[in-house]
């Protein structure tokens, strides 16, 4: 009989059932005995506890669920701490999306000024969680899909001793794109991978050890729907779909400015629908609205990481981890998103011998932003926050950054005690 | 009796008299016997020969002037080859300034898409000059103030064996600003200096060995008129005045869009006036219009470098030279603008131990652009040219870069044989 | 039906049956159809062909054996080229062992002046083999256990385009030591690994993800019989057993000087016995003398690498590969022995974030030697050969290196055409 | 009227008059008002005070001498703190020379096990001095010629905030050798310079900007009397004369073993003679025995550094300073001996773009030793001390290092409180 316990911090997230589904699918490889659901939102927590029990039973997953608002109770004894919090909820997200637009810059959940604001709100809370992990379950791994996952992982690994895997479904997506385009088994697709979360490139693709031809690459490259296919072909690099915000900035900005609702607003509406479904005591399957919610794939990646660690099986995956010299253009303590070897001894980045000549400067620029944003978030330092926005390629202009920062800070005041220390 | 010969390539430039003035001022330290004036524009060359002779006599500079359209003749036997060419003249410059504005991006002589175009036109010609120097006067130094000087120096040092000092008056300007603000001797002002031509920062200022106080720095920092003083104070870095295009992009763009004439157009008018004055056989002094032409200070820097080399005197100056490990965030063969020790054995960069945390990513981004632009210029490769524009923080957007590149190339067709090889 | 072909270059080695045994053991995972035995020694080749057939049948391995003295025939169509050559045979080895002793320095097959001589003889032949692989079977992997394996791998990866895995049983030995000392499954033991072939250290051990206690490390460390246990405990690094030649130089030198026979001489005698056994047409099992021959374990490592590549299974192993930034104290193109992720897309080193403070200088010194030795071997340059011996910590003294080099070159003259080009 | 004060810590050294002589020679450029002589040896201090007054008067140097045993009094208000202490005196030096010989390794004042012992005795005292400078005269420069000067400079720059120039006459010696061999002005000779104190190489020589021919280099190289001329010619690097201990280890060891007296013993005798001379109230000139004492040239280098700093004149000199990225094969905080630009703002190393391929590993090995020795000296850690000796190419062997360390520590017990803390 196993005693594997998993904690889910931010269990009120509508994604929690996706994780349950993953755990059910891999129950033999990851035989969980207890799942601790933790959230600060008691209502959501209660709904989720009820639904998860029904859902697990429906899936044939035998596991004890516990719900708690006490973080330490959830963490204690857990081998994996899944973190998927959203400080300020989707209401704050909507502001992240809308305020930048007023200044003529991209407003987006994880990229640019929006992602920056999310980082300022989120990092202090994630550091508290990480310190609890360090103190109450020091061998445990934080399996993080709280965004911006790269900045969260950098903050946690710089400022605490907790072990953290910064996850993003995007890291394994090049594999899926190539597999689909060429009709091959995804597991046979390999590549080098360089960059940061939502600022990255896959290249040197092989299938079954054989390098892709240019024609094959071009076919697969077309699957990155958000970036111009001709550009991708020229670059010979498969970009993250988020590269659209860098390569098609003006077009995306116009799109955002013309949409009736931001993505956050849509999500708010969808979540209402999703939670109504979860609340239905007869329901034991995932609501359809969840599909529209998007963002799936995390649970698959999370399961992949947890299985490799738990079972000590060597496994290559793309994860956000401290650089440690893998990528020589960035500092050793910078978190990068890159190909890693995972097993029970940890998550170790492969050395990246070759830096694509067309994009290394952009990667450096965004990492510089990330460093400054992390430090600003931890110290509550407004000048660093200003420098961070100016270091970001999507803002950069002081005349934009300065008033934008003021408005963002003011709008998020209640979630930023570190910036408003002396206001009591 | 000395046999020191100096060549001026692009001697038809209105600045040539400034160099003559410098040579007159330092005639004891740099006892020139012969000055070879070379230009492809015979009319300008003739005017300049006449004026230089009158001007030199007026200044008491005893020197033999020779004018030639044969570059090799000018170079042969010269110790210093002053290069100040302008491929396409100011007419091309005006296009560099105007075309980008149509696409909503900064059009400027040395920065952004304008500087990029200038690089594409200029680098092949400068490589030809450098190869002539290598073959006909291999010990000579190219004293370059042809813009963009950083890219020119990188191309010459990567692709030829000629010795080149990439000069810019900007490198010594922090010294003048501090000296003026604090009322001290400029020679007493020292600093660390990081970055690239027109993308750089001075810091760690001392006067007479004593570090500046924050209040002193703030006073001096106010002298960078183009960048917001509060920002400079916060950064604790004195930026190049060209940093305005990065830190105040939207404001500068609006300024440019609202000006009746571009700087190039003004210069075209001024140069007409200046050359009329030079043509006057009675005139032996610099015309007033030359002051309005701006850009002075180069000759002082050029004299400083030539004196230190010729007389083998140790001298600290800011020059554009190959990195050679001085700045670890950039490749060894990247040309950087930085503090160097100059003497007869060469120009050697000081190691830069400390990288300012707020701006390193921006410097990397611009260097990435520079590398790509140099390679595109040398190879005539359109994809590299596109990547260069996309690597540049002031363009970046593919939807802008692509049509902008098309129009720039087409407009400069006659100066870009490397890009239109197969069009004959 | 599979068409997997394996070539064995240097098949006359007494170790060939060990490889056959490995292939029999893993026949389901590595279903070989054909084994091409190639050697320049026809007599040995014939004996080995006969024995291998009997041995394979005995082991239940159904495979077609072909013997040839034509290297290209063996290589053509093979997926793996196992290389285990010994240029000059054990007779040359005896000289490698004996000549250095005359000069008061360690004589050993792979380390010091002996290993250096072996490299000079071996590298040119290995480059010929690698070029054949490149031309006749370009997707194939060279599975190399020809010593000195690190220098061979560096030469092949610098001077040819062939893929090579430089193997040594030593890389996985820390796992076996810890497993035995603690009574745990070897597969559960993980570690970081730094250095070069026969100059390396394992550290940061975990078992099942849990770091070893100092007491546990000490217990396992005692298993490195060749290095003083107290020293290993203090270092907190588990050294290669070959570190004895560096840490106990004087003691080992005395041992060598006092032995009646060198290891090479013993091997010569054993090999005679072994080959007599192989020649016996009744024999279908490994002779006992083979055990005394030592050096086993390679075949297990070779099988591990071939299985991971062939089946595209992610697998962590210690291999000699180009550095590519994994270890920042060494150049990118230096071959290092380190922990790698292996699968069908290749063998990629993990980034080594932490450099043990007590031994990095020694590693640098030996790598400097290796670089010089490889270049000397390829170019036949006597000055480089001298510098190589002087860069080696076990020689270093010019007054020793100079005459020692002369004698070594002269004694190996017939195997060193690159050094005696003009002697015809 | 100037108020320039200079302190001499360890003023009882027989070299003090050399410094006085230098100050007299450059009295116009370095107009000293007061010289504070400080020593812990009152007798020597009194003798030196008397002699210095007579000597200065004889040389026409008008300066106030003060003698004190109070270090802080000497330091207070001084612009330069000349440090030339010898903890344990020449008696301890003799042990440094003799004890290693018993173990078959070189015993020498600054290199190998002898230099190591000197470092252990000296570093704690130099740190005390540096902390006094930091507290009582924070703008002052420590002009250090206390050996081992590289380790002292590394300790002071790592563990205190005091400014220190680690000097050695050896850094400028290549200039003198070339000047003499070619009959040129020493000031015209320039070179690149790589390495550590007493472990370094000059290369890329120019005279008047012109690279030396191989023939010219060979002529100059012959002037390194301690290293085989043919070797120097092959290396194309001019080594420190101390490289003899690395390149001719066995020969030097035999020399030492056969000498009747160590250098330290000779010095002890000479110093007796020198001090008798100094004590003579009629004497106002340097005694002849001082010449035999050797080691001169420091004062010239010291005057060069002090003049460049005091007068803020740009000057190239070879000094021991923190690396700061100048030499990429070593850590940023490692002190290296290299070409620097000196002026009032400090001493800044030039970037070293080219690392000589034959010797970089040896430099790394010795720097590794130095790091460990400094840390051992500061912490009084016996394991680190053992690792330091083992990292040193001249010791390395554990079976030698271990008993040698025991004997060295025991013999120096009274000067090593940090190692014998618990012995009270």
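Every chain is named by a letter (A, B, C and D) in the order it is written, and numbering of its residues begins at 1.
The working rule: contacts are C-beta pairs under 8 Å (C-beta built on N, C-alpha and C of every residue); 3 or more make two chains touch, one makes a residue touch a chain.
Computed from a predicted structure; not experimentally measured.
Novice: Overlay subunit A and subunit D by their C-alpha atoms and let me know the rotation angle in degrees, rounded to the nearest 5.
Specialist: My answer is 180 degrees for the C-alpha fit.
Novice: From the centre of subunit A, which other chain's Cα mean sits the farthest off?
Specialist: D
Novice: I'd like to verify one number: the distance from the centre of subunit B to the centre of subunit C, where each centre is the average of its C-alpha atoms, in whole angstrom.
Specialist: 56
Novice: I'd like to verify one number: the distance from the centre of subunit A to the centre of subunit B, where each centre is the average of its C-alpha atoms, in whole angstrom.
Specialist: 45
Novice: Give me the residue numbers in subunit D that touch at least two other chains, ranges are fine.
Specialist: none
Novice: If you connect every pair of chains that touch, what shape comes out? Choose line, ring, star, complete or other.
Specialist: If you draw each chain as a dot and join those that touch, you get a single closed ring.
Novice: Just spell out which pairs of chains touch, all of them.
Specialist: A-B, A-C, B-D, C-D
Novice: So in the complex, which bits of subunit A are touching subunit C?
Specialist: That would be residues 139, 187-188, 190-191, 206, 208-210, 309, 312-316, 322-328, 332, 339, 341, 343-346, 348-354 of subunit A.
Novice: Could you pull out which subunit C residues touch subunit D in their complex?
Specialist: These residues of subunit C touch subunit D: 104, 228, 231, 234-235, 246-251, 329, 357-362, 364-369, 371-372, 383, 386-387, 390-391, 393, 396-400.
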